[in-house]
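Have a look at the structure below before the remarks.
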Amino acid sequence: MIVKQQTINLGRFKRGYHLVTDRIESVFTGLKEINQGIAQVFIHHTSASLTLNENADPTVRRDLELFFNELVPDGDKRYLHDDEGPDDMPAHVKSSILGASLTIPVKNGRFLLGTWQGIYLCEHRDQGEDRKITVTVLGSK
Amino acid sequence: MIVKQQTINLGRFKRGYHLVTDRIESVFTGLKEINQGIAQVFIHHTSASLTLNENADPTVRRDLELFFNELVPDGDKRYLHDDEGPDDMPAHVKSSILGASLTIPVKNGRFLLGTWQGIYLCEHRDQGEDRKITVTVLGSK
Amino acid sequence: MIVKQQTINLGRFKRGYHLVTDRIESVFTGLKEINQGIAQVFIHHTSASLTLNENADPTVRRDLELFFNELVPDGDKRYLHDDEGPDDMPAHVKSSILGASLTIPVKNGRFLLGTWQGIYLCEHRDQGEDRKITVTVLGSK
């Protein structure tokens, strides 16, 4: 049994939902060493999220963002927490709905995803900072 | 420390929320070998989800589906992604809200769930395909 | 590779969102033994949740609860499951949206959280019972 862990700075993203599967698989060298196990992908922020969704048609990412922007509209006057602007508290809400971490089975040195599954980084801020993730895998060689 | 992993085809489900705890526990033989650890249950699809909720009263499953069908209505004309019909994009949205994976503590060869907790498979499509999950456990003998 | 697991009774909480990071870190002695790995924090209930969000400004917790109370209002007459009162089914809905478990990377005997991330226990019931969690860590010494 081995464990591999790596913190990766993915840089800045514009507001929206971005497919990052290939990037994580290529940067995280520990993944290739695991034959069977699980991976955990974790984002160290409270105004961006990780989720799994369709990796093919980009309109899914556009429609998903549309849905969440309407569910949690910017500039809601009832929020007390608005120091960083109208997208401040809505970003926190979306971050709890979508979540900060994913766990994915690992097989033969790869994420064992379904054919249509990809990892999305969801940037909920208009001016998000650099987004840092930590990937940890546990399993057998 | 050991790791056990098994991919299971659960077959087709009708649209709705279905209790699958017993089925997974009986089919996944690796679970019994773990004394202390964690299990990860992962669904390889972007239009079905896994969630934990009440295992006793079936009206919880009915009401939960009612809530999500109203939160994310079929046939919303603003969605661009609708090739597979009015339930296509809504299924993707629900899949990101509820999530594709669960992690559950394991003790003495069983899921260490609360008294009222059960695993739901949530089928968001009217005509869903076979649903495949992978269960992975990591822990001590 | 080692695994440590501990079930903790956190007692009763009033309805709302509560920061519990420090409490878990201090009570769960196994965490200090892990150099590199993952932690899983799991709540054994279907009417309370765990989520990660901002650990600094308490208005985030207030606003988050405001959002979810409005998204899933108490006393919705269409719910069949209401034996325990107007907050019964809404608590189940929120529990599935926010989730019952968190996974967090571990490094040097601590949760490897972002600067602003904290663990929230979300009590969705007016009269919640004692809330029990199980924390499991897996990793290298």
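Think of it as A, B and C in the order they're written, each chain with its own count starting at 1.
Here is the rule we use: a residue touches a chain if its C-beta (ideal position, glycine included) is under 8 Å from a C-beta of that chain, and two chains touch if they have at least 3 such contacts.
The model shown is predicted, which means the values in this text are computed figures rather than measured ones.
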item: Relative orientation of copies chain A and chain B, as a Cα rotation angle in degrees, nearest 5; value: 120
item: Homomeric contact chain B-chain C: same or different residue positions, threshold half; value: different
item: Whole-Å separation of chain centres (CA-atom averages), chain B against chain C; value: 20
item: Contacts with two or more other chains, residues of chain A listed in rising order; value: 1, 71, 97, 99, 103, 138
item: Of all residues in chain B, those that touch chain A in their complex; value: 1-3, 5, 7, 40, 42-46, 71-72, 78-81, 83, 89, 92-93, 95-97, 99-101, 103, 132, 134, 136, 138
item: Chain A contact footprint on chain C (complex, rising order); value: 1, 36-38, 51-54, 57, 59-60, 62-64, 66-67, 71, 97-99, 102-105, 107, 112-117, 120, 138-140
